[in-house]
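Note sheet for the following structure.
Read from first to last, the chains carry the letters A, B, C and D; within each, the first residue is number 1.
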Amino acid sequence: MILQEQMRILAHRNIAKDIFEMTLQGNITKEIKGPGQFVHIRTSAGLDPLLRRPISIASVDTDESCFTVIYRAEGKGTKLLSEKKPDDTADVLGPLGNGFPADAAAAGETALLVGGGIGVPPLYELSKRLNEKGVRVKHVLGFERAEKVFYSEQFSLLGETHVATVDGSFGTKGFVTDTIDRENMEFDQLYACGPIPMLKALEERFHGRRGYLSLEQRMGCGIGACFACVCHTADGAEGRGYIKVCTDGPVFPIGKVVLA
Amino acid sequence: MILQEQMRILAHRNIAKDIFEMTLQGNITKEIKGPGQFVHIRTSAGLDPLLRRPISIASVDTDESCFTVIYRAEGKGTKLLSEKKPDDTADVLGPLGNGFPADAAAAGETALLVGGGIGVPPLYELSKRLNEKGVRVKHVLGFERAEKVFYSEQFSLLGETHVATVDGSFGTKGFVTDTIDRENMEFDQLYACGPIPMLKALEERFHGRRGYLSLEQRMGCGIGACFACVCHTADGAEGRGYIKVCTDGPVFPIGKVVLA
Amino acid sequence: MKCLSVKLPGLDLKNPVMPASGCFGFGKEFAGLYDLSQLGAIMIKATTLEPRFGNPTPRVAETAAGMLNAIGLQNPGLEQVLAEELPWLEKFDVPIIANVAGTETEDYAEVAERISKAPNVKALELNISCPNVKKGGITFGTVPEIAAELTKRVKEVSTVPVYVKLSPNISDIVGMAKAVEQAGADGITMINTLLGMRIDIKTGKPILANRSGGLSGPAVKPVAIRMIYEVSQQVNIPIIGMGGIESADDIIEYFYAGASAVAVGTMNFTDPFICPKLIEQLPSKLDELGAAHISELTGRSWKKYEPNTNHCS
Amino acid sequence: MKCLSVKLPGLDLKNPVMPASGCFGFGKEFAGLYDLSQLGAIMIKATTLEPRFGNPTPRVAETAAGMLNAIGLQNPGLEQVLAEELPWLEKFDVPIIANVAGTETEDYAEVAERISKAPNVKALELNISCPNVKKGGITFGTVPEIAAELTKRVKEVSTVPVYVKLSPNISDIVGMAKAVEQAGADGITMINTLLGMRIDIKTGKPILANRSGGLSGPAVKPVAIRMIYEVSQQVNIPIIGMGGIESADDIIEYFYAGASAVAVGTMNFTDPFICPKLIEQLPSKLDELGAAHISELTGRSWKKYEPNTNHCS
């Protein structure tokens, strides 16, 4: 069930250049079904900025009924959000969307998790759940440059982890796909989240393989009512074949959605 | 000289229903010429609310280079302002306008200070200066009702003080002018600040007497550039006879300005 | 709450608050959040004869105290709306206002005729004003004669009262309102969005794939209030007002300006519970204002008004 | 800062940033805050033949991310502007753009002819669009033929280039722009304010004594950007863009849309130092964008554009 709640900010820290980790406590936590779902956060009580900001759930702590998000403070809204202090409240709507099906990978199988930039966060909770299930997990994480890298240690604790930076200032130089090719990494199940070009590159390589991609789209409502976030489906005939990223996604089987 | 400054909030407290007292520290203090001048405060770093709020200087402490304002948190901007905490900063433009001429009353003379609601604050600094000069000061302060009364003790320390409330829940019942009549209060020099109806009533009674009135007008710039705050002068011929409350005022000799 | 009930042509409203077209889909999503029977009415997403996918994405962009949208009238088409969306809404005790769109007079007419026969559709909202599809549309909304034509035609075929939705992208809004009134409109809804654009500094290109879009949200409220203030004094049909409503005070402001009911659009995105919240707040607002019934407030701001159209900062 | 210098008809600007008319008076007040010679130019308050007191107060009201004004062209009249205001401004190294207003063609013409002879007046801004005085004005701004008429007449008598200031309260902004271009306008300034209103909940009456006023500030920026985007592709004269500018990014957005220079209005009230601040920020912005000169940015957003005027949300 979707709730709107003034959640308590338990912790809020800057973990890399412009990257913040915020832990939120409240009833929404109970409603979270799985990794890859997101919340819609109002960054100001006023009228500017007006729209909520969609942010993925990066990890969940049901005992403390809190979850963590990791976001980049770049524009107007996220910068405002980053000024909030522990014990302040945040107006959160969620949980929203359908996340990554952890069950798609069976115990003993190998899952490849590929994340780019602010696409990395949702993979963390996914990796934890896959580990619990006994799935072997490999991570390939791509960032712009060293100062933007986050959570590389946390991921390393969960499985083999490769970091790639565009300028080579951390890990190997290049894109995540370069790493995957060089190391020719094997897997049974693929999970990925990141910028469209990265997802496209993965789709080309692994079309037909078992995999799930998490998409981004500019959103209005976040709950399926405004038709802001639609994409054509690959099989789509005009006017019929479309999905809404906010409610049908943001996670889709590889090849299902036309990546524009 | 007019400065724009991020002033440090030294103290900020709620002193009556919806009434806040805020002490601001910074260089603007040095520039203050006299009681009745005001500052223009930006209540949000964002775009909503957009305009600054004009607030009178209620008292000045040159040693600590700080001054105090007293304001009513009623609308969007002042409510936001009231949420600021000590050590936060406030974006202040000032000092603005021309205040009450304390010199208009000579030592030994009697000055009558009449304030209504949020018109009371600027009279406090004025009363202190008049006292320093050896002027006898009497105060008549009007408020809506008991819970809105503020600074009655502070004024009592500076001279005879009468408080009137519309509903009689504090002091005597009625308007300030009722008190003035009943007590038929004598004075050489009048100073008043408050709502237009109060100022009009005073003008009727004391037209021709020595007196100064402080006016309110909705403002844009606060510095004389936008023509938002003009009033006709009593002698005014169309297009020529006008003043700007922000720069020519807010204080004017009684009878000079048409109180509309 | 009897103090909130409002009677308008074809509409018997428990209260004067309804979601605006395109900001509420066909109700399904919000039905998961609260009981839709609380609403005064529901203005459903524009329906066209054929299904439409709409414009490429991005379709929305944020602006100061507002947003731009260029959805492009995406909707499943008349058949599915009749077969699925409207029947699904019958479980709620709430009148539906069907927003009708098209590219030529005849598809407007066909949609209007058939959708007006749906049992829970109590009125039509003729969308002659949406600024976001490639053909037709906006011209209907900016030329009084054409708007009147279309209104006449739709009135001939509709079995329920017809409200015409006006575009603010026009100099003489009163002329447009009078034209559709004379053509037989039973009511007016206003305003639709203002044409606007935002350009992405990083790419140097418009943020919206459609380039321009419709501006909505609190930023446009003063434009809507002024237009309703002028139109409501010149026509004798009721106005459902919309544009940036985000508080109970805004609703009062719309009534004072001349509206007989209001719709909330963009703010449903910022606060999906806003409609029931505002409905709940209204009665105490009326008490504060000493009003026994909300309809008393309609047009209260007019007194001593000389038309204000030819005036220059 | 060579990268910021801009050449426009009659105007040799150090930089493309100037205060907008009516938001800067005749410069005196701001001269006490900073050196006016830093500015690209100054658009002075509208000047009319006779002195005007303007409208009753309140003359301003705040709105979401914007404000309404109904000043009513208060100004000391042509004589005093020529005798006092303009000579006083001569001490600064900054071109003046004189905003010319009136109620009939002939007073526009007389003001234009005489004010254009002032040594520091390098261009006129023909104010055919301000929404806040009782006679004349707005009609000039909404009827292309009348606007063209007026432009022709003023061009005959002015000794400096004439820029025409367009009103956004119109359906076909491109048609209006073309009309004044054909009539001989040397440039266009846009946009003036949108008509708007706010009603006071306590009194039930409009906040502005004039009832309606002109909406300005960040709220209107998307409207201005869209209009400049369309107009700049259809005319061959330069555009000075304005409407809600509050940051260096906004200036870049205006250039991308098609402006060749910009004016800052309302934000001078919120931050009286905004013009010099933005001028100072521009060079590093250009570096970020890898632009050698700001003029390169004009119209960058157009590529692959099919006009977008008849489209419907």
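The definition used in the following text is that a residue touches a chain if its C-beta (ideal position, glycine included) is under 8 Å from a C-beta of that chain, and two chains touch if they have at least 3 such contacts.
Bear in mind the structure is a predicted one, so any value in this text is a computation, not a measurement.
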item: Common touching chains of chain C and chain B; value: A, D
item: Pair exhibiting more inter-chain C-beta contacts, A-C or A-D; value: A-C
item: Of all other chains, the one whose Cα centre sits farthest from chain D; value: A
item: Where chain A and chain C are represented by their mean Cα positions, the distance between them in whole Å; value: 36
item: Gap in Å, rounded to a whole number, between the CA centres of chain B and chain A; value: 55
item: Separation of chain C from chain D, taking each centre as the mean of its C-alpha atoms, in whole Å; value: 33
item: Inter-centroid spacing, chain D versus chain A (mean Cα positions, whole Å); value: 46
item: Shared interface positions of chain A, touching two or more other chains; value: 47-48
item: Overlap residues in chain C, where contacts from two or more other chains coincide; value: 22, 63-66, 69, 71, 217-218
item: Arrangement of touching chains [line / ring / star / complete / other]; value: complete
item: Residues of chain A touching chain B in the complex; value: 44, 46-48, 80
item: Complex contact set, residues of chain B against chain D; value: 1-2, 4, 42, 47-52, 76, 93, 217-232, 238-240, 242, 247, 260
item: Chain C residues within the chain D interface of the complex; value: 22, 46, 63-66, 68-73, 101, 103, 127, 129-142, 169-172, 192-199, 201, 204-206, 210-215, 217-223, 225-226, 229-230, 244, 249, 252-253, 256-257, 289, 300-301, 303, 305, 308-313
item: Footprint of chain A on chain D - complex, ascending; value: 64-65, 218
item: Chain C - residues contacting chain A, complex; value: 22-25, 28-30, 32-33, 45, 50-54, 56-67, 69, 71, 74, 76-77, 207, 217-218, 246, 266, 268-273
